[in-house]
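Multiple structures are listed underneath, in structure tokens.
Look at the two complexes coming up: chain A is in both, with chain B in one and chain C in the other.
Coming up: the complex of A and B.
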């Protein structure tokens, strides 16, 4: 009975904190919009092109995709997650009666919601240039492959983007928590990341970042990818939660 | 090399710093939460409307145009391969996939004994001139033939234009038509989805119809990203009277006389 009421109380607190954060952190969504609009503008010129000519005709092909919008959204997700671990944002939690656990869980649920919104808008952001091109370039100059996006295609793209965003959010939250634990990580994390890249590229061999990257990017089964992401995100969020408790003990 | 990487990393770090500052402070200049919600709502509305608009675009307008089928690609490739032999051996009318884009008929003065075919441009003309001396007396007939040009499996032959051909005195002046630009937009699935497509990432766009079409031996088929391009041949075919002297200027190596060709 006591355990159940504690669980209920935790759920209630998380729910309240989550609702509160949705309203309070709306500025993060505004930054998402600006980031995505910038990415849409970058994408509108095409992400690749090639040309050739024969006779007196020049052929020019421009390739369009939502990749830049998704990459920008992933960067946004990472830094938004890091921001949630900073003191300014953590202090906002004191408005509510709760503890570190409820605060962290509500942050994670908020990040999941933000990832869903970002995934949805990032994929739809790629649709806007398609429509503009139809009217500006004309239908006769559009190759139909991948031009149309059915509801099924849209759902798959949103789901995949959402999973990547969750993963990046978990990584950002984890890195943010490390930095809160010790400011030395502000230097250590980028140094480790870029150091690995530099040394590996100097030796021209695969490196740790490659292996981690390929672990997710080369997964061709959606269900396996889902499991990988959920497991990794759970480990990263769980570790962040433990670090957060340690942070509380230290203070 | 390392120095270059360090500069790159510094640029990335500056970019990241600006990015963080931006995310942290974005929205603070918009005073009320209601305005923020409106902005968010408007953005979502624009995106959703664009998705709806995409789905009401008539698909046949786009689909009807592109993707020349494998059979047609084979015909185009065969026509491109056999074009000159058909033209020079006189069986062009039996070759499928050849189009006549322009025809001209000029009357010669009775006393004319010579004809000069002149390139009216200073540039190299992108076609060969074939001269057949079995033409009607007192007449010069010119025909401009092409085989189909298919770019990324889009038939662009209707976009091709014949050269300008005019006759002044005893000079047949050939000028290139205006350069044309043909721009196409192609689309890639999001990289987050490509990995779930059958085969390796990105292979979705690398279906190889070109490999099957290369059964047309000797044909020049260009396949870069999997989509096939066949760049057609062009020739200006001239029929001139037997008894006239023909000279040419501005066509280095591009003029062939039928009687000189091996039969």
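Coming up: the complex of A and C.
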């Protein structure tokens, strides 16, 4: 038997590793559900309220938002991506056939899938409190602004959430890989992040984190947003792949 | 055909040299025993051969290509050791199923048969197995994968004597039916010598010897007798080992290049001629401090 007798293309291996990961990391999806359920519980209490009364009229307003589900999902995405870069998870790729490139690409495809799932459940999970409110308060107590969502609105929300999740996954993957390269980054990354936040807010001026945040969040054109996210994610994933080449394959 | 070619291979971890100018070839379809003492560099060498670790200097080629991070090579190789990462969310049977999806030559009948024979429940999880059973499961993976290059690093760690015997027998049977290149590392040569064709002995990261097991069994000869007689006989010979047995008696092991004439003389002088087992020979060749463990106690 020689090498030529068993030819495995990169695509084939990536496909196998991807399917393997979907089965292997089922726990990640379970943790996603737990995180989102917690978020739904939080948001069902309402995020803000105020009330006034004049004479006999009492006015009480409570605001509900599903943003918290998306924020929780984003945090989950970050940690899931970091987790994939850790030793135990990386070693899993070398139980069977694989190399660095196939391992990284299958991770990315896996994270994209996870983001899509999380995007769907986050947006649909946001609908759940509305339904609960509808039945618990009754339709007369709901200010209909932003209450009803069209299918178009929903799919747009899923797409936007998906893109944010991909972005955060790419960032998490990048940070995780930095940490794998040197444990010093466990301290350096949070220090840099909070450092810029604190110093800039002390000086009350726009800072890097602000700027980066606005670069994505303030983008009103969907297609431009799409391009920005894809480009940034590609750069982050690409450099993670290059970084991982400096590690030994398996200890 | 050569499967692995290794030329002046050196691997450094920081300042320590784990492998030192190692050169050897492994021929296709042979079983080679990689033998050496603890810390000799067996695992490092296997992991470099497996493409997991990057060499520091020199050259290593598997089927003419650098194995490091090589996908083509990875599809033709399996590396088994006792701390293999194993999925915690999959049962043993599921792991075997995935093995069959990844490896083209996978033999599910053998895998199932061995799982059953060694009384491993298919629904069990790897992390709850005992140490010996973990090793058993890992070697089942190694045999069933039928990879052209199979690397086994101390595969029998934790196994009981019966399982060890069964495993080596299973490995040999499967090898005879489906010849492939197998490298087994162990510090117990006795245990594996019956299935080996070649032995690669390494000491402190350097090659000590690489020869067929039958040559190794005749490599040395033991001489037991009076010290003054023996000293004359071994003069000019390559002495591999010397041991004082007290009261003027001495045991020498020399290269088996003694002339017939000398052997006759020795026998006449009352020297006992003994065969040296491959295991003992390896111990002598890789001995550390002169005088052995006794010297630690004698110095007091």
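The criterion applied here is as follows: the second predicted complex is superposed on the first by the 239 of 251 C-alpha atoms of A that agree within 3 Å, B and C clash if a C-alpha of one lies under 4 Å from a C-alpha of the other, contacts with A are read in each partner's own complex, and residues count from 1 in each chain.
Keep this in mind: a contact is a pair of C-beta atoms (placed from the backbone, for glycine too) under 8 Å apart; a residue touches a chain by one contact, two chains touch by 3 or more.
Because the structure is predicted, anything quoted here is derived from the model rather than measured.
Chemist: Give the label of whichever partner, chain B or chain C, reaches more residues of chain A.
Modeler: B
Chemist: Where does A:20 make contact in the superposed view: on chain B (first), on chain C (second), on both, or on neither?
Modeler: Once the two structures are laid over each other on A, A:20 reaches chain C alone.
Chemist: Identify the partner contact of A:100: answer first if only chain B is touched, second if only chain C is, both if each is, neither if none is.
Modeler: second
Chemist: In the overlay, answer first, second, both or neither for which of chain B and chain C A:189 touches.
Modeler: neither
Chemist: Just chain B (first), just chain C (second), both, or neither: which does A:10 touch?
Modeler: It touches chain C, and chain B stays clear.
Chemist: Touch check for A:91: first (chain B), second (chain C), both, or neither?
Modeler: The answer is second: A:91 touches chain C but not chain B.
Chemist: Taking the superposition as given, does A:50 touch the first partner, chain B, the second, chain C, both, or neither?
Modeler: First partner only.
Chemist: Regarding the shared-chain residue A:134, is it in contact with chain B (first), chain C (second), both, or neither?
Modeler: A:134 sits against chain B, while chain C stays out of touch.
Chemist: Shared contact residues on chain A, chain B side and chain C side combined as an intersection?
Modeler: Residues 23, 26-27 of chain A touch both chain B and chain C.
Chemist: So in the complex, the part of chain A that touches chain C is made up of which residues?
Modeler: Going by the criterion above, the answer is residues 1-3, 5-8, 10, 13, 16, 19-20, 23-27, 88, 91-92, 94-102, 245, 248-251.
Chemist: Would you pull the chain B residues touching chain A in the complex into a rising list?
Modeler: Going by the criterion above, the answer is residues 1-2, 5-6, 9, 13, 16, 19-20, 22-24, 26-28, 30, 33, 36-37, 39-40, 43-44, 46-48, 50-51, 53-55, 57-59, 61-63, 65-67, 126-127, 149, 151-152, 154, 156, 159-161, 176-193, 195-197, 200-201, 205, 222, 224, 227, 229, 231-232, 234.
Chemist: Can you list the chain C residues touching chain A in their complex?
Modeler: Interface residues on chain C, with respect to chain A: 1, 47, 51-54, 63, 65, 68-76, 84-87, 89-90, 94-95, 98-99, 101-105, 148, 180.
Chemist: Which stretch or stretches of chain A touch chain B in the complex?
Modeler: So the residues of chain A touching chain B come out as 23, 26-31, 33-35, 37, 46-47, 50, 52, 54-67, 70, 75-76, 79-80, 82-83, 121, 123-128, 130-131, 133-134, 137, 139-149, 153-154, 156-157, 160-161, 163-164, 190, 194, 197-198, 201-202, 217-222, 225.
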